[in-house]
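See the structures that follow.
Each of the next two complexes has chain A plus one more chain, namely chain B in the first and chain C in the second.
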Partner chain A sequence: MKLPFILNGDDVTLDGDTRESLFTVLHREAGVFEEKTPCLKATCGRCHVLLDSKEVPSCVVPFFQVRQREVVTPEGFRQTDEYRRFKAILDDEGLVECAECTDVQIFHLFSYLELFPHAGPEECRLVIGEIPCRCGSRPVLERGAARWVERKGAARVSRR
Partner chain B sequence: MSAGVEGPPPLVYSPRSLGEALALFVPNPQAQLFAGGTAWQSDYLSSSIRLPPVTISLHLADDLRKVTYGERWLDLGGALSLNQLLSVGGPWVPALLKDAARVIGTSALRNLATVAGNLCRKGVLGDLFPPLHLLGAQFEVRNLRGSRWVPSQQVADDGKMTLAAGEILTRVRVPQEDWPLSFYQKIGNIRTPWDERLALSGLARSKNNQLEAFRFSFHLPHSGLVRVRELEVELTGQTLPLAHRERTRALERIDEALTQLPEPPSVFQRDRVLHMTRWIVTRLDSD
Partner chain C sequence: MAERKKKASVQDPHFSPDPALFRPPAARVWAGVIIRSRTPHGRIGAVVHPPLPPGWALVLPQDIPGNPSFQVFRDRFPVLGDEEAQYIGEPLALVAGPDADEVRRWADRVRFVTRNLSLEEFAQASPHMRRKTVTGGDKAAALEGVHGTVEVEGVYSSGPQDHGHLDPVEVLAHVTPQVVAVRVKTQWPAHVVASVARALDRDPNEVKVLATVSSGTANSQVWFPSLLAVHAALLSAASGRPVSLKLTKEEEFLYSPKRPETRTLLRTILAPDGRILSLQADLVVQTGAYGVLEDEVLDRAVVGILAPYKLGHFIVHAHAETSHTPPRGPVGGMGEGLGLFALESHVHDLCRALGQDPAQWRAEQTLTKDSTSFSNMTMRADSPLKFLVPQLARSSDFSRKHAAYELLQERLDRFQDEALPLRGIGLAAGFQGNGFLAGGTSPVNIEARLEQDGKLSLYVPIVTANNRSVQLWKDSAAAALQMPSADVRICPVFTGDHPAGGPSISSRAFEIVPKLLLQTCEGIAQKRFRQPLPITVRKVYRRNKGPAWDNEEFTGQPFLSFSWGAAVAEVELVPLLAEIRIRKISLLVDAGPRIDEASARNALTEGVQMAVGWAITESIHWENLAISHESFLRYRLPGPRELPPLDIQFYDGPKETNPRGLGSLGANVVAPALLAAIRQAVGPDLKSIPVSRKMLDEALRYHEASFYPER
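Entry: the complex of A and B
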């Protein structure tokens, strides 16, 4: 079954079985997630993608559901200006990159803040805690999230 | 290509509306619905997606994702995702329901998981059900011939949402009532052993230092939902702060309810239920 969809801004047509997950097809056909071994239980965050701008674990999304939709992977997200701005804030807060979780956390947290731009500190803490890692970068991410929410809020006010 | 999947591929339909979805049951009476697919996957974890031989996927049926609200009730479409539910601004979605939705899975899973998917999990009551039951919700179930409303009490009595072949849970109707105090506490998640999981829900409203209304339930996965109506009746109308006698009586009522369960709770569950009941009773006084 060949399905057309948009992958990181490009029109693509990938081949997969109805029962395969989006993760499996992206990994095999498009070389995405090559360096990562996800849990395939929708809990580790390593296979998350944006599907029509909503963050989803690609290991539980059936491939047939992506027809004519837009998929952005963490690799694609890293090419955006929004990523650079968010990362700059985190770097400013003293982020020490963790090979296991940093990319996943940034993608996860940014996606959540896009959906819930008024998220409070407690809410952000819960969301950051959804990605399991012991690297100790959570306080940095929490501070970065608070600054991002504040900056976005200020931008909204100035637009008015 | 397609390594890891064997046998003929299932027949998958992706209807664009409720009408189309219902019509598909005529030639395919054995078809099964696929909404967010998250509960489905947690039941069958593997590298491929286990689909039934004939699947009706609801991911394109936008009319099942509507939220409508008025003075008397809030209507939630069955295929509304949990994050869409959480994104509804204003006072329309009761805090109790949002508190329950917020602790289901991860944020990414909540973009997929749907309201009806949570309520129709095979053989168990989903996490949204206890709050909806306390709120007095009703569930609209439709087939090609028409629709019926299922009261939450019926689902609580059955211990699960029962749908016949060809039926879809299309709407959840929540009465609009003012509940200034709500409590939701969930212990455990999908990786927690059954005998350590538990959820408590409570609603309360007071006026002039008098408890005007009080609803309370706890949910133990193996025993189902327990609503302690004797306690609700006893506490309603009481003056706040509650007297020591009423507080003690409340705990005794909960203990009695725990003792009468067909499957006794674990020591941990009993301890947590009593501890949280004590906490809720204290909150009633302080709020």
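Entry: the complex of A and C
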């Protein structure tokens, strides 16, 4: 079954079985999530994508649901200006990148902050903790999130 | 073979990754699967399998063209189990085909005829136990004239721990008549080169390894990826195609090396003033099948017990026990953490017995200038614990809180309201040994090459995910040669001709590489503008500081250097939920000047998470000599509930000292501090980690019963 949809801003048509998950098809047909192994139980957060701006675990989303919809993956998000601005804050805080989780963590955290722009530190801490990893980047991500929320809040005030 | 070597010697060693070799089109790549033993121990007979589909490759032990044994330092074991299966999950054969699912289904139908060993065979082949006795001091002299001694005894055990990587190891191997290309996530590319060349009987110069990075600095997969690389290369050689070998998450969890379990009996005789007059230890380290790296792990664990404090007399009986379970390996440190865990937990007990403040006891009993260490070395200065422990105790308000919680523990009404939290605070001190004992001679080579286009190529035998340390290397090389940092590149491909080196552990990345880089760049600067380009300079680091380490006598300088640290953990428990909440962890470390503070904090945070998992959340259960499936499903890395606010401080010592590694320091000191805090909250009977809810519940009930004996 060939389905047309928008993947990271490009119109694509990918071939997949109705029983397959979005993750499986993206991985096989589009080379997305290369070298990533998610849990396939929707718990590890490593296969998350934005489906029409809503964050979903692609390992449990049936492929047929993406017809005529927009999918943004962490790889696609990396190309955006928002990512670069957020990453600059994290670099400034001293982010040591982890090969396994950094991209996913930033994607996950940013998606949450877009949805809940007033998120407090404790909320951010829980969101970051949803992606389990051994690396030591969590405190930096927490500080980065707080700065991002602060900056966004200041921008809103100045617009008013 | 001779002709091949001749060709290789004229080949350009500065090889850049060829996409055709390292990233072939997916359609060309076949999937490899490992066929594993289903029996923990038995003689292997015939292999029974369904007809092999045309073109597929099946590799049995007799098909290995080169050396069939896999070597890690001095330890060897078979690439594929040939005569005798030693554990459930041991690789016995390999198969490759075009579709991963089909190959896996085919592999599931393969059976090896195995028979149990006869009694005589079993006696000959049963697991061995390597024993070592380390003794020092003079017992009679230590005990002479001392009255009112206190004897303290305890048994402390720690469980296995998974490395916890999110992505299983994946290898792509492509064997051609000219080269063997391997892409693998490893921290020891030189070992991959040597292992693949040995198994395929190829010149190491023909083996090219593109090492991709793994997360952080966890020393968790030292040799395991090399074994998988050998398997993938054998399949590629047999099938004539590129082969990808990717373990499933469950497969990796069940069969990859885990942190060794330990059980340590410690008995000390103390003078009334707190001096350790005599220490006796019986240490058992479970190393799994083949006892891979058992010398290193065992010796380091013994050093962990003996190094921190003054000892009148000591005797340590250390045992490395081999069993029919998957080989253990270094996880979150090479072994000293195992000994430190037992020692520091014992210090908690002996301070209680003496009625002393643990911070004060540690500061008083640590080695001082001119005292003699366990390895007969005279201390040139006070041990850093002398100032680290009091400073941390002050900043964390340890002594006051500890005394208050001790008093609380004596109060009866504490257990009356199960909703009220119980609190405890624990302190532990320790070190990280930088460098290897057994592989101490493994050199680190760095090559710098100023290319004809004026750019600098650095060949560093360290694989790191740390973007900041790589940038730091580039910046320091660029500064030394006064060139833009964009013109410096760190070369990713390793060949047999590439500078070899030991595993990429954090101490090497921070302690050795920056110095060597500077030396190579100075060498280039001297030749620049005097010699035609390209200019190549190589520098080799070999350990030559201090007296050599004697593995048998336990004398000399065990490590390249020590990094010291102390940790305070504060916990609270709600008895009703039997749930531990860590309120705060404070760390103070002395690891020399910090090249990059963010990297240092990151490494310590990683170590703390490792310790929290080891002590609380990560438990593995064995069932019939295999890890239970339930353990795989329930294994949980520490989440936000368990991860507390961290207070990481660095001790700024004299400026002339070198930066030292701290990758496993956090885990080494935080795990015993956590157990000490939990024990203060629920009672002293808990002496093993990970602390499960069931253990907590039992400890709480036992402790409560001691107050209300009539119940």
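The working rule: the second predicted complex is superposed on the first by the 160 of 160 C-alpha atoms of A that agree within 3 Å, B and C clash if a C-alpha of one lies under 4 Å from a C-alpha of the other, contacts with A are read in each partner's own complex, and residues count from 1 in each chain.
Assume a contact is a pair of C-beta atoms (placed from the backbone, for glycine too) under 8 Å apart; a residue touches a chain by one contact, two chains touch by 3 or more.
This structure is a prediction, so every number in the text was calculated from the model and none was measured.
In the superposed pair of complexes, A:S21 makes contact with chain B only, with no contact to chain C.
By the touch criterion defined above, A:V96 lies against chain C but remains apart from chain B after alignment on the C-alpha atoms of chain A. In the overlay built on the shared chain, the residue A:H108 is in contact with chain B alone; chain C does not reach it.
In the superposition on chain A, A:E82 contacts neither chain B nor chain C. Judged by the touch definition given at the top, the superposed model places A:V56 against chain B, while chain C stays out of reach.
By the document's definition of touching, of the two partners only chain C reaches A:R46; chain B does not.
Contact comparison for chain A: of chain B and chain C, B touches the greater number of residues.
Legend: residue contacts after superposition of the two complexes on their common chain; A:P132 is shown touching chain C, with no touch to chain B. Taken together, the two complexes place residues 126, 130 of chain A in contact with chain B and also with chain C.
Residues of chain A touching chain C in their complex: 35-37, 39, 44, 46, 93-101, 125-126, 128-130, 132-140.
Every residue of chain C that touches chain A in the complex is listed here, in rising order: 163-168, 170, 212-216, 218, 246, 249, 465-468, 597-599, 601-610, 613, 636-637, 639-641, 643, 646. Taken in their complex, chain A has these residues touching chain B: 1, 15-21, 24, 28-29, 40-43, 45, 48, 51, 54-57, 59-65, 67, 108, 111-112, 115-116, 126-127, 130.
Considering their complex, residues 1-5, 9-10, 12, 14, 34, 37-38, 41-42, 45-51, 57, 59, 81, 83, 86-87, 102, 105-109, 111-112 of chain B touch chain A.
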